Amino acid sequence: MFVPRKILEERLLQMLSEDLGQGDITTAATVPEEQIVEAVMVAKASGVIAGIEEISILAEALGLEGEAYISDGAKVKKGETFLKLCGDARTILAAERTLLNLLSRMSGIATKTRRMVEMLEKAKMPARVAATRKSAPGLLYFDKKAVLVGGGDPHRLHLDDMVLIKDNHIFLAGDVAKAMEKVKDAVSFTKKVEVEVTKPSDAVVAARAGADIVMLDNFTPKQAKQAVEALRMAELREKVILEVSGGLTEDNLLNYASAGIDVLSLGELTHSVKALNVSLEITRVL
Amino acid sequence: MFVPRKILEERLLQMLSEDLGQGDITTAATVPEEQIVEAVMVAKASGVIAGIEEISILAEALGLEGEAYISDGAKVKKGETFLKLCGDARTILAAERTLLNLLSRMSGIATKTRRMVEMLEKAKMPARVAATRKSAPGLLYFDKKAVLVGGGDPHRLHLDDMVLIKDNHIFLAGDVAKAMEKVKDAVSFTKKVEVEVTKPSDAVVAARAGADIVMLDNFTPKQAKQAVEALRMAELREKVILEVSGGLTEDNLLNYASAGIDVLSLGELTHSVKALNVSLEITRVL
Amino acid sequence: MFVPRKILEERLLQMLSEDLGQGDITTAATVPEEQIVEAVMVAKASGVIAGIEEISILAEALGLEGEAYISDGAKVKKGETFLKLCGDARTILAAERTLLNLLSRMSGIATKTRRMVEMLEKAKMPARVAATRKSAPGLLYFDKKAVLVGGGDPHRLHLDDMVLIKDNHIFLAGDVAKAMEKVKDAVSFTKKVEVEVTKPSDAVVAARAGADIVMLDNFTPKQAKQAVEALRMAELREKVILEVSGGLTEDNLLNYASAGIDVLSLGELTHSVKALNVSLEITRVL
Amino acid sequence: MFVPRKILEERLLQMLSEDLGQGDITTAATVPEEQIVEAVMVAKASGVIAGIEEISILAEALGLEGEAYISDGAKVKKGETFLKLCGDARTILAAERTLLNLLSRMSGIATKTRRMVEMLEKAKMPARVAATRKSAPGLLYFDKKAVLVGGGDPHRLHLDDMVLIKDNHIFLAGDVAKAMEKVKDAVSFTKKVEVEVTKPSDAVVAARAGADIVMLDNFTPKQAKQAVEALRMAELREKVILEVSGGLTEDNLLNYASAGIDVLSLGELTHSVKALNVSLEITRVL
Amino acid sequence: MFVPRKILEERLLQMLSEDLGQGDITTAATVPEEQIVEAVMVAKASGVIAGIEEISILAEALGLEGEAYISDGAKVKKGETFLKLCGDARTILAAERTLLNLLSRMSGIATKTRRMVEMLEKAKMPARVAATRKSAPGLLYFDKKAVLVGGGDPHRLHLDDMVLIKDNHIFLAGDVAKAMEKVKDAVSFTKKVEVEVTKPSDAVVAARAGADIVMLDNFTPKQAKQAVEALRMAELREKVILEVSGGLTEDNLLNYASAGIDVLSLGELTHSVKALNVSLEITRVL
Amino acid sequence: MFVPRKILEERLLQMLSEDLGQGDITTAATVPEEQIVEAVMVAKASGVIAGIEEISILAEALGLEGEAYISDGAKVKKGETFLKLCGDARTILAAERTLLNLLSRMSGIATKTRRMVEMLEKAKMPARVAATRKSAPGLLYFDKKAVLVGGGDPHRLHLDDMVLIKDNHIFLAGDVAKAMEKVKDAVSFTKKVEVEVTKPSDAVVAARAGADIVMLDNFTPKQAKQAVEALRMAELREKVILEVSGGLTEDNLLNYASAGIDVLSLGELTHSVKALNVSLEITRVL
C-alpha cells in the first residue's frame, strides 16, 4: 500500500480545509505574523503510534519542519514526546486539530490491532488479525493503513480487489454453488475468490467449488471447529484459507484461533475506534 | 446547519467512490443487470438513528428509492427494520457498505449523545452536552450533525465561527488578559469570544476582560465548583457561559453538572465512537 | 481569518487555469523558453493595496520570486512601483492578468473601505464600517479579506457563523418575537444572534428577546435615531450592538454614525467595486 | 458560448457551497423542514437582466422550480417582478444570497454594456463595444456571458483563442515587426492575430506584417484618427480590424467611434461593476 | 467492475468540459435555443461496439434521451445505425465529439480484443486474451472496460489489486526467490501473487516459492514451451497460471496458445488502439 | 499553448492516482523505504519523443530528479537512453507505468505527425499537417501538444476558439449561405470562421460569404482540385485557407497536397495512435 507522498497531500489539505472554514480567527487575532515556534506532540496515554507519515506530509506541505522521534508502529508511553514541529506559529495552530485528529484515530486503530496481534503471538497461534471495510466513511485508506501499522491484515482495499460473495449475493444467485459457478468465468484470473457461508456444510460446498477463501459468518468457536472438521474430512482444509467474521472481540479471539482458523476479522478495529489521546504543545518561540 | 441536499451529494458520492475503486467485481459477476430488488436496513442493536437524511441523499443520487420508517433522532430497538430501499440490485450492493458505514457511525454518535442528554434531563440539570472539533478527520460535518441529532450542541463548526483562545494562544500572548486584549479590536462584532483557563482565578480574569464563554480545562468537579464560586464573588457569573472540557465521561458528568456548569463538552462523543450495528438485507426481487 | 498559504494555492491556480484555457498561445509564439526576466507592478492610481499576500502565494506556486515593497493595507500613490517579480518570462506573462485582476479588485475594495473608515476616524466617531455577504459570487473569502485589509469588519463569513434573522425568516416565523423564540433553544451557545428589524419598536422587541445585535434595515438616519432612543428608554441600548444596513453611502455615512449606531454595513463595498488600476511591466531580461 | 446546463451546475454549486460553510444555521432554527413557499425576485433599480439562465440552473439543481417572466437581455423597471421560485423554503433561503449575487453582478455588467451599445446605435455608429479579460478573478465565463447578453463582444475567452501581442511581448521580441515574424509560423492557421501598438506608425507596421486586428493602446481620439489616416494612406485600412483600448469611458466613447474605430474595448465593463439591485421576497406559503 | 452510473457521470462531464472550453461558439451562432432534434449514431466501419453504457450516462446527464438498438459487445456492420439520441440540438452538437471520441476508442479496443478471442475459440484453444496497464493515461477504467466488453480479461485494475513482481523489483530484491520471500509475509491473504520471469528455470523457482501466476516475459513461443515443460517436470504446472507478455501480436498468438499458455496479455490492446469510425447525424427536427 | 508547469501538475497526479488505487502493494512488499536509485528510460523503437516536459513535471512533483538527454521533438533510435531519473525507488516504481503511458502515447503521435510533415517537406509542398478534435477522451491537451511537437498544426483547441460550421449545423441552418449569415453578427471579431462543404460549388459560396477557411469534407484528391479551380475562377482562392479532412492517410497525402490544398487534417493522428515503445530500467542503487 505504498502511495507517493504528493498523492496524499491533497486529501490531507482537504481535511484541514474543512476545519478552517474561512480561516482561523483566533490565531489571526492573538498570534503575530511570521512568529516561528517549536511545538511537540505528546502522548497522553500509552499505545502504538500510527499516522506519523501522514501528518508529516501535511506538515511539510504547509511549510513546517517535522522531526519524528519514533516511526509508525512504535509504542509510546503516556507522557512521551514523540514528534517535534518547527515553523510558523499561525500555521501550526491552524493545523493542530487536523494533525491530532488524524494521528489519534490512526493510533487508536493501531493500538487495538497490535493488542490482538500480540495476544495471538503470546498464545503461539498463527492466525492473523484482519480488518474489514467497516471504516469511517471516506477514510478507508487511512483506517487500513493504521491496521497495517498495527500488524494486522488490511483485507480488501475496496470492492475491486477480490471477489467476496456475501449473503445478499448468494440470496440473489440462489445458493453458494450457483454463486460460485457464476463467478468462475466472469472474474479475472488475477483475483482471489472468497465466499461467506453460514453453515459448515456450505464451507465444504464453497471449497469444493474452488473458493480460495471461505468466511464463516457469525459462527461460534464451536461451529467454527465443526467447519474445520468438515473441511478436513472432505480433504479440502489445505485448499482454502479459513476466515471468521462477526461477533469477534478481544475476549473470544483465542477461542476462534484455537479452533484452527487462519484469519480473524473484526469490524470494530475500524468502525468503533478509541482514539489515542495525544496533544500538541508549543514549547518555545524561536 | 441546514445544507441543501445537492450540496452534500458530491461528498457522499466521493465516499462511495473510494470504496468502489474500479468497480464492484463480485456484484458484476453474481448479479444480473437491471434486476430490481427491495432491501431493508435493520438495527442489530438498540440506539438513536442518525444519518437517515444523508444516506437518503446518496441513495437517491444513485437512482434508488428510499423510504424511511423513522426520522433522524428516533430510537430503534434491536431487530427493528427502519428503512426500505428499492432499485437496481447491483447499485444497492455496491453502495451497501458506504451507506451502512455512514449511518452506523452517525447513529453511534447520536446514541451516546442522547444517553448523556437524558442523564441530565432525568437529573433535572439544565447543563448542555456539547461536542468538540475532535472528529474523525474530514468528517466534521457529519459528526457534528450526529451530535445535533442526538440532542447535543455542536459547538464550533470550524475555526472561523467563534474565537476560542486556548493554552497555546495564551502561551504566545503572555497571559489570559493580554490575549483578551489582542482579541478585542481584532475580531468581528459578529463573533463570541471564549477563553480556556486552567485555574479558577483566570476564569475571573477572562470574564472581567469581556469573554462571552469561559472554558474550564481539565478541572475536577471540585475545582469547577471553585471557579463558579469565584465568578459569583466577582459578580461575573451571570455574564458568562461556563463550559468544562477534558476528562468528562458518562460516569462523572452529573458531578460537573451539579457544580453549576452550563456546558459539558466531550471529545469522545466524536473521536471515540462505538458504531451502532446496522445491516442491510435484500428481502425480495421485484 | 488566517489561512495557511497552501490552502489558498489551489483556488488561485484554478483562477489562472480558467484564463489559460489550453495555454497562452501568444507567449508560446513570441517568448523563448527559459528566458528569465524581472517585472514590476505599478499603481496607475492612488489607493490602498490589498492582495499582496494572495498574489505572492500564486506567484510562488508558479516558481516565481516575488518581492513586495509594501504590505497589504499600505497606501500607494499613482505611479508607485510596489512589487517586483523575477522568473520565467512565459510564466509571468501567462499569469499577468490573473495576478492583476485579483490585486486590482481586492485593492479597490480596500481603498473604498479605508476611505470610509477614515471619514469616521476624522469625525471621531466610534462606529465601524462593515461588509455584507454581497460579494462577487465565489469570491467571499477574497472580498472579506480585502475589507479587513481596508480596516473594515468582515461581518458574517458565511451562513454558519452567526444567526441573522432577516425579513423572510420573520415572515415565515410570524413576527420578531416568535422568530427569536425559535432560535433560542435551537442554536448553539457559541453563536451570536442578530435580528433585522424594519421599525424602531421591533428593535426593542428583539433586544428584549435577547438578540445580541439588532440590524435596522433601510432606516433613514432619523429613524435610526428613533430606534436608539427607543432602546435607551427601554434600558436596552447597552445590551445590544446596533447595526444599520441598506441605503448607506459615503455621503450619508456620518449621519448614521452620529445617530449613535455601532456598525454601518454596506453591500456596495463588495458588490460594486471600482478596481484599482494596476499594471505589470517587464523591466529587464536577466 | 453555448454550454450545456449540467456543465455549469458544479461551478454554481461551489459558489453556493462557499457561502454555506457548514450550513445555514438561521434557517435551520427558524424555518420548519419541508415547508413549501413561493418567492419572487424584484428589481430595485432599472436595468438589463442577465443571469436568468445561470440562476435557473442552480435553482433547478437544488430542486426548486423557477419561472422567469423575462429572458436574459430584457430590460426591467424598478419595482418589476421578473422571476418566481417555488419550493422548499429552507433551500430558497440558503441559496438566496448566492442567486442574488450572481444575478446582480451579471445584470450590472449587462446594463452598462447595453447603455454604451445604445449610445452608439443612437449615434448610428457601427463600432462595437467589447470586453477585455479584466474580469473578477475566476468569473471570466460569467462576466463574458453578461457582456454578450448586454449586446457587447466578449473579445478573447482566454489566452488560447487568439494571439494578442501586447507591450510586454513586443518588449521581449524587440519590436512589432519582429514579434509578428515570430508569430507567423508558430501559430495555428485557426487563430487570428492581434497586435497592440502605441503609435500610429506601428499600426501600419502591424497591418503590413499581416495582423488581423490592430489595437491602439491608450490613444486619444485624435491619435486614433491619425492611425486611421495612416492606415488609409498605406491602403491597409480595409485589411485590419481597428480596436482601441485604455482610457475609454461612457463620456468619450462617441469620440473614438467617430474617429473610425471598429471596436471599443473597456476593462471597466467587468472590473468595475455596479451591481444591479435585486431582491428576493417570499410571498406565500404553499 | 460494476460502477453505479452516477459515479461515472462526473468524469464524463469533465471530458466534455475540456472540449467545451468557454462554450461552443459555432452552435450558439447557428442553432436556435430549445430546438429539439433527433440524431443517430452510425458505424462507418464494422466492429464490436463498446461504450454504449458510458455515452448513455453522459447523454442522460445532459438531459438527452438515448435509445440504443444494440448492447455493449454487439457487432455492428458498416453503415449500421445503432443508437438514437433525442433532445436539445445545441446540447447534442456540443457533446457530439466527446460522445464519439469515447465510443470510437472503446469500440476500437473491443473490436481488436474480440478478434483475438475468436481466433483462439476457432482454434479451440482455452487460453485467455488479457490486457495490461498500458492504457491511455487516465483512461484505465474505460480501456479495461472495453477489453471486458470485447471478451478479454482486464488483468490488474491498478497497482493495489494483485502483487506483480517485475524485473525492477527483482533487480532490487536480488533474485526471484528473494523477492518471493519478501512478499510472503508482507502481503494480505486476499491477494494473488504473480512473478515475471525471464528464463524457464525462474518459472520453476517462482512456482516453487508459491507464486499463483508466473509471467513469461518476452519469451518466444519455443521458450514458452520449454517453460511449460520445466514446470511439468517439477510437477508444478497445475499449481500456477502461466501468462506470456511482450511481443505478442495477432500473428503469433496461436503459437503461444499452442505452447500450453493460460493467459496471453498484450499491451497493444490499449496502448495502440485503432478507433472504430462512428459518426453522429442529426436526422430531423422535432 | 504555453501552460505553467504547476497547472499541469494536478492533472498528471490524477492520472497517477487512478493507477495507484489504494497503493502499490508490490513495491511496498519488495522495496525498502528510502532506497535511492537511478533509473533510465530507453527507446525500444525509433521515433520522435514527446512528453519529456510532462513527465518531468510529474517526476518533480513526486520529488524525483529528472535529467533528459534530449528535448521534446528530438528523434531517438531504438535502444537509445534518453532520460535519467534519480530518487526514491518506491516512488519511481509506483509512477513507472503512468510516466511511460504518457510518454509513449505522446511520442507515438509526434512520430506519425513528423513522418507526414517530412513527406511534404521532401516533396517541397507547402501544405500543413493538422490534427482534429478526435483525441482520446479527456486527453485533448496532451494529444494536441504532441501534434505540435511533431511539427503539425493543433487546429481547434476546443469548441470556443474558432467557428467551424459542420454538416449538422448546415442541416439545421438550411444551407451554407444561411449558416454563414447567422454567424456573421453573432460571433466575436476575434474568431476565424471555417465552413465544412461537401461539394466544390459550396466552397465558392462559403468563400464569397466571408469564410476565412473552407474545409473540403471527404473530397477525393480530384474533387479537391476541382474546388481549387472553382475558387480560382471566382477569384476567391487567395481569400481563403483551404483544408481537406476525411479519408486522408499517409498513402494519399501527397495527392491532396499537390491538388493545391493548404491544410491536411487527419483524425487518425490522435484517435488511432501507435504508442512508441519505451521502457524504464532501474540501473543502480545509490
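Going by the order they are written in, the chains are A, B, C, D, E and F; count residues from 1 in each one.
By definition in this document, contacts are C-beta pairs under 8 Å (C-beta built on N, C-alpha and C of every residue); 3 or more make two chains touch, one makes a residue touch a chain.
Quick caveat: nothing in here was measured; it's all calculated off a predicted structure.
*Asks:* Which chain pair shares more contacting C-beta pairs: C-E, or D-F?
*Replies:* D-F
*Asks:* Comparing centres built from CA atoms, which chain ends up most distant from subunit C?
*Replies:* Max centre-to-centre separation from subunit C belongs to E.
*Asks:* Identify which chain pair among B-E, A-D or B-C reproduces the interface of A-C, meaning that over half of its contact pairs, matched by residue number, are the same.
*Replies:* B-E
*Asks:* Round to the nearest whole Å and give the separation of the Cα centres of subunit A and subunit F.
*Replies:* Here subunit A and subunit F have centroids separated by 45 Å.
*Asks:* Take the average of all CA coordinates in subunit A, do the same for subunit B, and state the distance between these two points in whole angstrom.
*Replies:* Here the centre of subunit B sits 23 Å away from the centre of subunit A.
*Asks:* Mind pulling the residue numbers of subunit F that touch at least two other chains?
*Replies:* In subunit F, the residues touching two or more other chains are 1, 20-25, 27-28, 94, 140-141, 157-158, 160-161, 188, 191.
*Asks:* In graph terms, with chains as vertices and touches as edges, which category applies: line, ring, star, complete, or other?
*Replies:* Chain contacts: complete, every pair touches.
*Asks:* If you look only at subunit E, which of its residues touch subunit D in the complex?
*Replies:* Per the touch definition, subunit E meets subunit D at residues 13, 16-17, 20-25, 27-28, 61-63, 90-91, 94-95.
*Asks:* Where on subunit D does subunit F make contact in their complex?
*Replies:* 1, 128, 130, 153-157, 160-162, 188-192, 194, 213, 241, 262-263
*Asks:* Which of the residues in subunit B come into contact with subunit D in the complex?
*Replies:* Subunit B reaches subunit D through residues 1-7, 10, 140-141, 144, 157-158, 160-161.
*Asks:* Which bits of subunit F are touching subunit B when the two form their complex?
*Replies:* Per the stated touch rule, the residues are 21-22.
*Asks:* What part of subunit D is in contact with subunit C in the complex they form?
*Replies:* Counting only subunit D, the residues touching subunit C are 11, 14-15, 18-31, 35, 37, 39, 89, 93-94, 96-98, 100-102, 104-105, 108, 133-142, 157-169, 171-173, 179, 182-183, 186-188, 191, 267-268, 271-275, 280-282, 285.
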